[in-house]
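As structure tokens, the structure follows; a few thoughts come after it.
We just call them A, B, C and D in the order they show up, numbering each chain from 1.
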Amino acid sequence: MFVTHKGVMRMVKIGILGATGYTGFELLKVFRRHPEAEIVFASSETYAGQRYSQVYPCSYDEVLVSPDEAPLGDADVVFLCTPHGASAVLAQRVLDAGARCIDLSADFRLRDAAVYGAWYHTHPVPSLLPEAVYGLTEIYRRQVAAARLVANPGCYPTGPLLALQPLLQQGALADERIIIDAKSGVSGAGAKPSPTTHFCTVSDNFSAYNVGHVHRHTPEIEQELSAYAGRPMRIVFSPHLLPVSRGILSTIYVRTVSGWDLPRIVEAWERAYAGEPFIHVLPQGSLATLAHVVNTNRCALSVASAGAEGEYIIITAIDNLLKGASGQAVQNMNAMFGLDETYGLLA
Amino acid sequence: MFVTHKGVMRMVKIGILGATGYTGFELLKVFRRHPEAEIVFASSETYAGQRYSQVYPCSYDEVLVSPDEAPLGDADVVFLCTPHGASAVLAQRVLDAGARCIDLSADFRLRDAAVYGAWYHTHPVPSLLPEAVYGLTEIYRRQVAAARLVANPGCYPTGPLLALQPLLQQGALADERIIIDAKSGVSGAGAKPSPTTHFCTVSDNFSAYNVGHVHRHTPEIEQELSAYAGRPMRIVFSPHLLPVSRGILSTIYVRTVSGWDLPRIVEAWERAYAGEPFIHVLPQGSLATLAHVVNTNRCALSVASAGAEGEYIIITAIDNLLKGASGQAVQNMNAMFGLDETYGLLA
Amino acid sequence: MFVTHKGVMRMVKIGILGATGYTGFELLKVFRRHPEAEIVFASSETYAGQRYSQVYPCSYDEVLVSPDEAPLGDADVVFLCTPHGASAVLAQRVLDAGARCIDLSADFRLRDAAVYGAWYHTHPVPSLLPEAVYGLTEIYRRQVAAARLVANPGCYPTGPLLALQPLLQQGALADERIIIDAKSGVSGAGAKPSPTTHFCTVSDNFSAYNVGHVHRHTPEIEQELSAYAGRPMRIVFSPHLLPVSRGILSTIYVRTVSGWDLPRIVEAWERAYAGEPFIHVLPQGSLATLAHVVNTNRCALSVASAGAEGEYIIITAIDNLLKGASGQAVQNMNAMFGLDETYGLLA
Amino acid sequence: MFVTHKGVMRMVKIGILGATGYTGFELLKVFRRHPEAEIVFASSETYAGQRYSQVYPCSYDEVLVSPDEAPLGDADVVFLCTPHGASAVLAQRVLDAGARCIDLSADFRLRDAAVYGAWYHTHPVPSLLPEAVYGLTEIYRRQVAAARLVANPGCYPTGPLLALQPLLQQGALADERIIIDAKSGVSGAGAKPSPTTHFCTVSDNFSAYNVGHVHRHTPEIEQELSAYAGRPMRIVFSPHLLPVSRGILSTIYVRTVSGWDLPRIVEAWERAYAGEPFIHVLPQGSLATLAHVVNTNRCALSVASAGAEGEYIIITAIDNLLKGASGQAVQNMNAMFGLDETYGLLA
């Protein structure tokens, strides 16, 4: 329950635009377990008029509405599970209708419209950029709580940013270049069928794609790392496609300045994330795996020596559909409405 | 090497129409290993002009031609890896050009144009039906060897037919109804992307589809079983989709007439298939698995008691892309040109 | 909260013996979400003294106790995740300590000690058999609620029994013999490493095992079906091993007496299970898949025509570790303590 | 056929010690296809006296002998698929019996007994180290051809060494430190069941292990890289476990000296490996995947920009059981007996 500005206590009313992609489906599952929120609409262009159980094998009988008929103003908050480009326009419409907005697309993650333009296309609604809050909850909780418009982080950035923020902020890292070797499950590519996501392409296979400095999550990661470090940071980013549905594991190669060793890194995380329900700092000697996080909203953090003084390998894992998308979105929503952040989510 | 009608000894010249589906790709792999055949063309509507290695991750540099430019007359035999409907028309064109034809589609499997019409659509070239030979090599070897036009069997029918033919022919089975609970890998659904074949749909999942008397392989199985039995046979056919790329395992429930027991069934198979390189009759106590056959042209046969006298469970397995499609097609080609049937194939 | 016999309202206190197998791990996950229960001990012979997070990749810090040191009397109810044979002896000890007992092994599922003896070994504690309640919650809810000792059903039986009970009870089925072609995920084989459960054995493979009338769940299914039908029922039971971790899908071949058709079967289920949170009756035309149920406590029920009048194919799916084991066990516990049956479970 | 020293032309006679591990099974499969070799014995301690088809699902009827009864002297060459430590002792016995020896264990890969001692244990037969040839065929072909004792390379080293040798030899690389982020299929862990290789542990999971400078393939890679570079090289090595049975993909981060760019790297490979049947240099813009190599003896090489001048990401893939073990072993054997290197192997 939250208290409205009129002093009324009631359930948070939720709208979902683009509800039949994987992040939309995940939101529905999360809200099934959420004790203080109720879905007032879920929209789909393709499946409008059908029940949700006709789209995915599940028991949800919600009838999907067309986006144009979605009663935006009936919701306290609307989740945008729509493609970049489209999301920005819808965000404006949602805000105009008086609802708050959590955008799961990339449209408001880059603070600089020029950077957005270089990696995507001309930003459709740059006027909204200044007020958008980057929704990495543990780092920007205060701003998120107050935001009208939250830019939910990308799936790849979430783990590395949570791992590196405490280190960069304390000046622990020596280089301005960081190698992130990331491996993602297939749901990260979305529900749209393509030769790339065909079972026979993915099964028994493993492949890299968009390696180097090409993937669109690159500028998002660099923007945040630079902000945490207070100086320009650069990444080498190698995404790979795992033959699993869910989960991202990132293997990160760093060098520390002198005075930092394994216990100090672990301790820095433990201090930074003390009391955080979703951050799981593994003890020295243990490494994060997908099994630590899949089907939960957790982010697992771990570190090992790279074999020479001051050289470390950080390994971090999340479920890309939860902490990397819909889970973190609900965590943000919980923060925005003063609810327990774990509502609807597995810690 | 085979001896042409002009008495010349040379490699068999192969053409492939529709070479970029899974059965086409499999043919290319088989012909890489085949000592006495060479590919003279491989066609693709979508990828004409590209090298094969641009379509699939492989090292094949064959340049794909458009089907209209395929030099049909240069081939001794053309494999049709094209959809039903289209195949029948192409078969006529291939025969007119003087080549023999092995059709991997369903167009010539049903002997009766009316049955074809009931399950598919009006047959495009019914005049070719009488000369088409059903290419279940072990059963119709003599006819295959002499054929101009071979209808390569469907993937689901191959295993059950090989298992049941010796039993039906000897009058071993009591009922006119047989239950076939079949489980297939995803490659059976073809290379075309769809929600059904998306990795996230198939992985960690298992589902039935077209169960009962609905799947288009039903009349093909019933046609053959009835022919072997000399009386009308009926099947209950339940296809399921396995989260694997390749392989079909069929669990078949039968009742025998008196006088038949486990050893006699095994012995009937051993006798019927003595000397057959691709039929693997498992000893009593062992059950066929996909691992017995995947990546080979083998069909594994096994049987167990169903717990009561005269009740048996037959389990048979093949690789759907090899013995269930391209492998059997090459086995047929080998028979047609007087070559060792194992050429290019793993026994 | 439940009211103790002393009139005190408090959380249900839970003990788990054998907590490091897959069903034990699943219980821990369920109780993490359960609002009105708390774990007072979790035991393990092998891992006593270690934290749970050292056994499985998770964030649970419960320290495992040795079974001999488990404070049985501190618990309101003890879950036995121990092997058959051992469970019966432990059940007696639990009851003697004053706790109620939910046994996930086979020890109390068969009402007749002689049948148990024929399929397992001499029953260790036959004196407890008369009071044990077979914990198929939807069918035996009233008895479960009052029970001191619940025999939690086997994973394979649960789906077929829930599907067939309403039909048998109404006399809908014609034959005394029913074919159940069942396919299970690997977790059903337990956590103990063996060549059979090695990743390389299972992946890309599919196999049958213990087919016919051999698997130990056979007498359990026959006992229940016979009870529902009021006459002796016999099954042909073919378990298969799927390359997935979780889930059982059963394809069941039945013949009905006249007067039954598809809509009537669906309607019989809908009526029998009206208001049941965990029974998902699919509309005609839809078939149950693992995706409908995995990670939930649901049982999905569906039916299709087998192609001839009065012949049907019933397809039912559950998650073997939830509705087929730990989920149903907690559902039973909720019933035993007057709690909402969905507590801790996804409906 | 090869010509013996007595001038006789005949098949190469093969012995396999430790034939029931994964590399032994793979050798049997390869020799099924090999036109000029025959197996004279295959041994197993555990399964002596049984047919091969009782150990693995296959149609091989070879009867396994106990290692003590293996007629070593009947073989021209014996493959050791035995554990390190044991292999060294057996190698001596094989050579004493007059056969040549290809050891698939680690016992003769490290030239320096002290290094071996530091990473394994005291070397059991250091006297054989000087004559052992490191069997990376493309690099040491001449020495392999003449060798009595070949140390078959480890699975992880093979790909990176083939990728880096031409670059290091030409002085292309700037740093003495190279990061190798490697991902392997489960068969690399061997056939012995363990919690680590349980299907439920691996499926839907992805994990790192022995990262940094800990894995035993580290000194083997450093020994070779240093030899190619003519100066000491150091690696950061991060092995990961993929949920696939076969294949290793290595993502390698390098910096070049000035004058090197993408086309020059590709060209260096093409020149170094011109005519090599098993090296597949991908064109610029394509990245190696497991699908390029699984079930073949190929090594795929590819490279992409890391986003800044002189920074590159090299991606190389092999099938760990073929080019990374048994395939390369047979390639070595073919070289040792003057046979076509592709015999028995898919190029």
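In the analysis below, a residue touches a chain if its C-beta (ideal position, glycine included) is under 8 Å from a C-beta of that chain, and two chains touch if they have at least 3 such contacts.
From a predicted model like this one, the values you see are computed outputs, not experimental measurements.
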Legend entry - Chain whose mean Cα position lies farthest from chain B: A
Inset, instruction - Could you quickly compare C-D and B-C and let me know which has more C-beta contacts? - result: B-C
Legend entry - chain A and chain C, separation of their C-alpha mean positions in angstrom: 36
Inset, instruction - Indicate the whole-number Å distance between the mean C-alpha point of chain C and the mean C-alpha point of chain D. - result: 47
Legend entry - Interchain centroid distance [CA atoms averaged], chain B/chain C, Å: 41
Legend entry - Where chain B touches two or more other chains at once, by residue number: 201, 203-204, 243-245, 289, 291
Legend entry - Residue numbers on chain B that touch chain D, as the complex places them: 32-33, 56-59, 203-204, 280, 289, 291-292, 295, 298, 346-347
Inset, instruction - Please give the residue numbers of chain A that touch chain D in the complex, ascending. - result: 177, 179, 181, 183, 201, 204-209, 211-214, 218, 234, 236-238, 240, 242-247, 249, 251, 253, 287, 289-291, 294, 304-308, 311, 313, 315
Legend entry - Sites on chain C touched by chain D in the complex: 22, 186-187, 191, 193-195, 197-204, 243-245
